[in-house]
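Presented sequentially are two complexes of subunit A, the first with subunit B as partner and the second with subunit C.
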Partner chain A sequence: MKLAQYVVQRFIGYLLVLFIGITITFFLPRLMPGDPINNYISQVQARAGQSLSAEATQQLRDSLAELYGLQGDIFTQYRNYLARVVRLDFGPSFTYYPEPVSNILLDAMPWTAGLLITTTLLSWLIGNSIGLIAGYFNKRRWATILEVVGIILYPIPYYILALVVILLLAYWIALFPLSPTFLPGPMTWNKAVSIIYNSFLPALTLILAGFGWNVLAMKALAVATKEDAYVQFARLKGTTDRTRMTNYVFRNAMLPQITALVLSLGFIFNGAIQTEVIFSYPGIGMTMRAAAGAGDYNLLYGAIILTIFSVATAALILDLIYPLFDPRIRLGG
Partner chain B sequence: MIRLDNIVATYTTQRGHVNAVDGVTLEIPDSIVMGIAGESGCGKSTLMKVIYGDIGFPLSLSSGMVDYGFVNERGEPVTTENIRREWFRHISYIPQSSMSSLNPVVRIRDQFVDFPATAGRKKEVLAQVRAFVPKLGLPPEAIDAYPHQLSGGMRQRIMVAMATFFQPEVILADEPTTALDVVVQKSILLLLLDLQKEMGNTIMLVSHDMGVHYQITQKMLIMYAAKVVEYADTDDLFQRPLHPYTLMLINSLPTIGDDRARHGLPGSPPSLWEMPQGCRFAPRCPLATALCRKEEPPLLEHERGRFSACHYAASVPELKQTLQAGPRLSEIAHDTAQLTADVERDV
Partner chain C sequence: MSQPTKPRKLRKFNLRLAIGLTIVTILAAGSLILPFFTSVDPAAQGTYLKNLPPSAKHLLGTNALGQDIFWYLVFAVRNSLLLGVTVSIGITAISTFLGLSAGFIGGWYERIVVVFMDTFITIPVLPILIVLGAIVRGNTSFFVVAAILIVFGWAWNARTIRSMALTLREREFINMARFSGAGVMPIIGREIFPYVYAFMVVGFINTILFAINTEAALAVIGLSNVVIPTLGSIIFWALNYNAIMIGQPLWIIAPIVTTVALFLGLFLTSTGYNELFAERRGVA
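Up next is the complex of A and B:
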């Protein structure tokens, strides 16, 4: 019963967060100076010279307003907007007119999700394993070497890391393509292999970039945790180093790291822009940048709502799974 | 019988080396409860570590070793050299704080079967554990709980269960109940005593509570500044101490209903870094003479089974007469029957 209550509470909180986020994305742009329709019309006018009549302009204005849900007073607009968000209908894209925004996003999403979920999980696993060993054996000299990996990697800015990887693996030793080419058509074994091969470089840079932080964080957590009384008592029980490192130190030190992992999974659609632009990778990040560059408001809206949705969902998932890792969390509390 | 032979235990610190146990030679008979008392910093915990065999940086053994008087599976005598392999099989340990000594995110039953001794037969051991815990006044489900779901007293019972489950010859308890309230303290000690009577283990109990020592121990070891100053049967030691420091410790014993100003311990023990020449207790001792300040008294058997490290051991009973301020021993409970009664009354 307590469990059901807990789940329902979290879910209501989740819907509330979504609602607030979506509402803010509705009002915020309207508080800003500039009018998307005016912008667009002036673009069209610039292209058409002065040949556009006032009447034609007004017609264009009306049809655009209808297209983008800018008709009526602000409350009507807001109601319509909410109804459309619920139906995942963000209207057509400017740049790819008349392709609906949701189609464009749906096409781009698997690329970003696949790349970032894989790399986030891998860099979490590798980074935390190294950090755990470095922290647990922090009195031994060889363990210091492990930590150095983190110390060196962590402060390097992402674009430099990406540049080094590209120089090394796409230029000097041309093992991987500089920018990926993806075969069209249905998914086959060959296509899957080619996707993995083509995604290798961006994936590598993301893993390297995420992993230093995990090494350092886990190392610090493990060093502190292994001095805790229950680890010391486990040592006096005669348990093996392996048992203590995994069942005692890791099971406790991973708790904050789980939080960090799930939240960073929620942010994958925000974090992808740099990578996708550097490697011309056809994901949400590229789409968002193109949309921002072209003033494609509908597409931008859709992408922003997608990120709100993914961050809020990650937070919900965290709330739901965290009690599995830490029994001290009181359900229904 | 456990033999300690000239144990010198040294901490390596940034300031240099310091001997926290400085030449302790002892014989501890089997199947007794031995109490260890002395002011903070006198080396009680360090001595327990040495006996447990938990020696590792910054602690090292500069001299001596412990002979436990029993043999391991292969028939070899167990000493400091190989005691680590016998942890919780032949020698166990009850930590001070049960609250923080259990892994908070793992069920207690899983923490019961990660001893090397249980490797490969967890199921079987767990069944035995389930049959064992009711003897400790715990509901059988207690071992399926997470630590935070149990009260402090129940958790400490779990620690006692772990320490006794494998029926070790020796159980070390370094202030096992300081984190608990008085009533629970007493019931845990009683439980430990009951189990000890049944299994015949040797218990070494460190406590600052001389009343507890008087009630439950058969032998007492009094430490002062890294040395043993007195070692004797508890009855003798309380009735007629042979070291002025023991006398002062007993005098500091609180007695219920006694509002005479208690003679606490004036002064403080010397720093381990600047040991006075001669007897370490001399600066605080009412009996100290020039001899004491020059020559360190060895621990000698003044009477049968009564060891004291005092040049004037024979004069201590007289000193006790003149002080006359101590609690009347008759007022303190001196057997477990009284302790049981206390617990029942308080509950």
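Up next is the complex of A and C:
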């Protein structure tokens, strides 16, 4: 039962990682100076023009403490917090009171997932195909040119790429809107088209951002793999360049790239923050930014735990499916 | 009298390293030296007339806040670089120590370190910084940002160094040293360190990129301390005042060009160094 043992081991590791991650996100903000409740109350007071009585302030403080789960000593709070996380209950959002945080996150999730999963896959496919061809024919001049493009694109920070794309395609050549507008109401053909049109710029920047790394990594892998003895053997057998490139080189060079793909799918909620804020795109990242601005801690915590959960789950899935892709891994062999 | 030297093959000139180092040296030296020649705080608003075009006095003009764009940019590069180097020193020290010790000591110690590595890789830095930024309300001091980047950034490097330590552990010369009676620390210091050194240099530069990028990303969306000039805060202000729409393209294009140059320079330095090192060791 080697397999069962492996799966159980991985799963325990997964739970441990989740537990420590959630614990750290609980304690860290509490070590920081500043108090969310005081922040919020000073906001309310500023709006009310100092007209709140001391009792009203105290009442507000108590009800906030209850909502945030900040009653009792820190260990009681921690226990309650863990219990709520397990039930996926992050309490009500403050900005959209009494809407529960989980509902808000569920509403925002399809936007982020739709945009980021599509672009991550596209960027992976295009980047790896180009990297494979450039690596397999690495002596050609155009392969070098492609590599230079990858080298220039890869280190550029995401927000810079986004700004350049906005300047070029939304400002100087006004092909696309500066910020998206989505039609309300049920999904119709028109709505689908408008979503694609309005998501085009954020999608383009995300594809460009992932593209450089995929090209460089795949090229390096393909160059290394094509010198392997089994590829030489296939060449002597008289296979075509095309067959060797796809069936021999790609299938082996693909493995580390699958790791990268699954991990980057796990990081989508993290990667979405910059995109969504820069493009005012209504997903998890935008929710997180708005919650941070409004001091909506329940919502922020919910979003963070969602990101931790998705990264850890991606790593777990990777560990579990890897033996399927790589025949060289034999469990307990 | 000079020794007759053998005609040694000249070490291949590495173009990437040369270009990268040139860019980084110009930007680093410029941003560290130039601030001594001005007494004006570039972040102070209303120092000059607003929206002046570029001139000899204001190389890149002034912005809608009455700040000199060129000087603001100089201070931004300096602050971002200082943050990057500080964070990178911290991360390199921690990750080298934990990675090597975990790889060599093994046992329970290694398991505990590995669990923490996996956890810290899982925790996303940007959201954590957003929460902390929300709690301290934009008063995040630079040191706090640096400390958080170190705490949440060491794990990737540590993981790479640990796996290097794992393969090195089984090599002949390590066994040789061990059988000769060398302790763990001397082995790590004298036998392992030279091997890990090249990765540390590359990792050090890449970590600078990571730190500058994360702080800038936070600043661009307005969640770092945007009062301090950094490569991110300059863009935050330019976006906030719609620099392009009000006819001040330089306000946003100058930091974009500078950021691209700096990142490209650092990246070329790190990959160029990697290539050069591999060639010298005959690995490539």
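Here is the rule we go by: the second predicted complex is superposed on the first by the 309 of 333 C-alpha atoms of A that agree within 3 Å, B and C clash if a C-alpha of one lies under 4 Å from a C-alpha of the other, contacts with A are read in each partner's own complex, and residues count from 1 in each chain.
Operating definition for what follows: a contact is a pair of C-beta atoms (placed from the backbone, for glycine too) under 8 Å apart; a residue touches a chain by one contact, two chains touch by 3 or more.
Note that the structure is predicted; figures quoted are calculated from it, not measured.
**Q** Clash or fit: subunit B against subunit C, after overlaying the two structures on subunit A?
**A** Once subunit A is superposed (C-alpha atoms), there is room for both subunit B and subunit C without a clash.
**Q** With the two complexes superposed on chain A, say which partner A:I196 touches: subunit B (first), subunit C (second), both, or neither.
**A** Neither partner.
**Q** Which partner, subunit B or subunit C, is in contact with more residues of subunit A?
**A** In the superposed model, C touches more residues of subunit A.
**Q** For A:T240, using the defined touch cut-off, is the partner it touches subunit B, subunit C, both, or neither? Pick first, second, both or neither.
**A** Touch partner of A:T240: subunit B, not subunit C.
**Q** Return first, second, both or neither, reflecting whether A:Q274 touches subunit B, subunit C, both chains, or no partner chain.
**A** Second partner only.
**Q** Would you sort A:A56 into first (subunit B), second (subunit C), both or neither based on which partner it touches?
**A** Touch status of A:A56: no partner.
**Q** Of the partners subunit B and subunit C, which touch A:Y230 in the superposed model: first, second, both, neither?
**A** first
**Q** Could you say whether A:N252 touches subunit B, subunit C, both of them, or neither, answering first, second, both or neither?
**A** Only subunit B is touched by A:N252; subunit C is not.
**Q** Considering only C-alpha atoms, give the closest distance between subunit B and subunit C in the superposition, rounded to the nearest Å.
**A** Subunit B and subunit C, overlaid via chain A, are at closest 12 Å apart by C-alpha.
**Q** Where on subunit A do subunit B and subunit C both make contact?
**A** After superposing on chain A, no subunit A residue contacts both subunit B and subunit C.
**Q** So in the complex, the part of subunit C that touches subunit A is made up of which residues?
**A** That would be residues 115-116, 118-119, 121-124, 126-128, 130-137, 139, 144, 209, 212-213, 216-217, 220-221, 223, 232, 235, 244, 252, 256, 259-260, 263-264, 266-268, 271 of subunit C.
**Q** Under the stated contact criterion, what part of subunit B meets subunit A in this complex?
**A** For subunit B paired with subunit A, touching residues are 52, 54, 57, 84-85, 87-88, 93, 95, 97, 100-106, 110-111, 114-117, 146, 148, 162.
**Q** Going by the contact rule at the top, pick out the subunit A residues touching subunit B in the complex.
**A** Interface residues on subunit A, with respect to subunit B: 139, 228-230, 232-234, 236-240, 243, 247-248, 251-252, 255, 325-328.
**Q** Spell out the part of subunit A that touches subunit C in their complex, as residue ranges.
**A** Those in contact with subunit C are residues 13, 16-18, 20-21, 24-25, 28-29, 32-36, 39, 151-152, 154-160, 163-164, 167, 171, 267, 269-270, 273-274, 277-278, 288-289, 291-293, 295, 297, 300-301, 303-304, 307-308, 311-312, 315.
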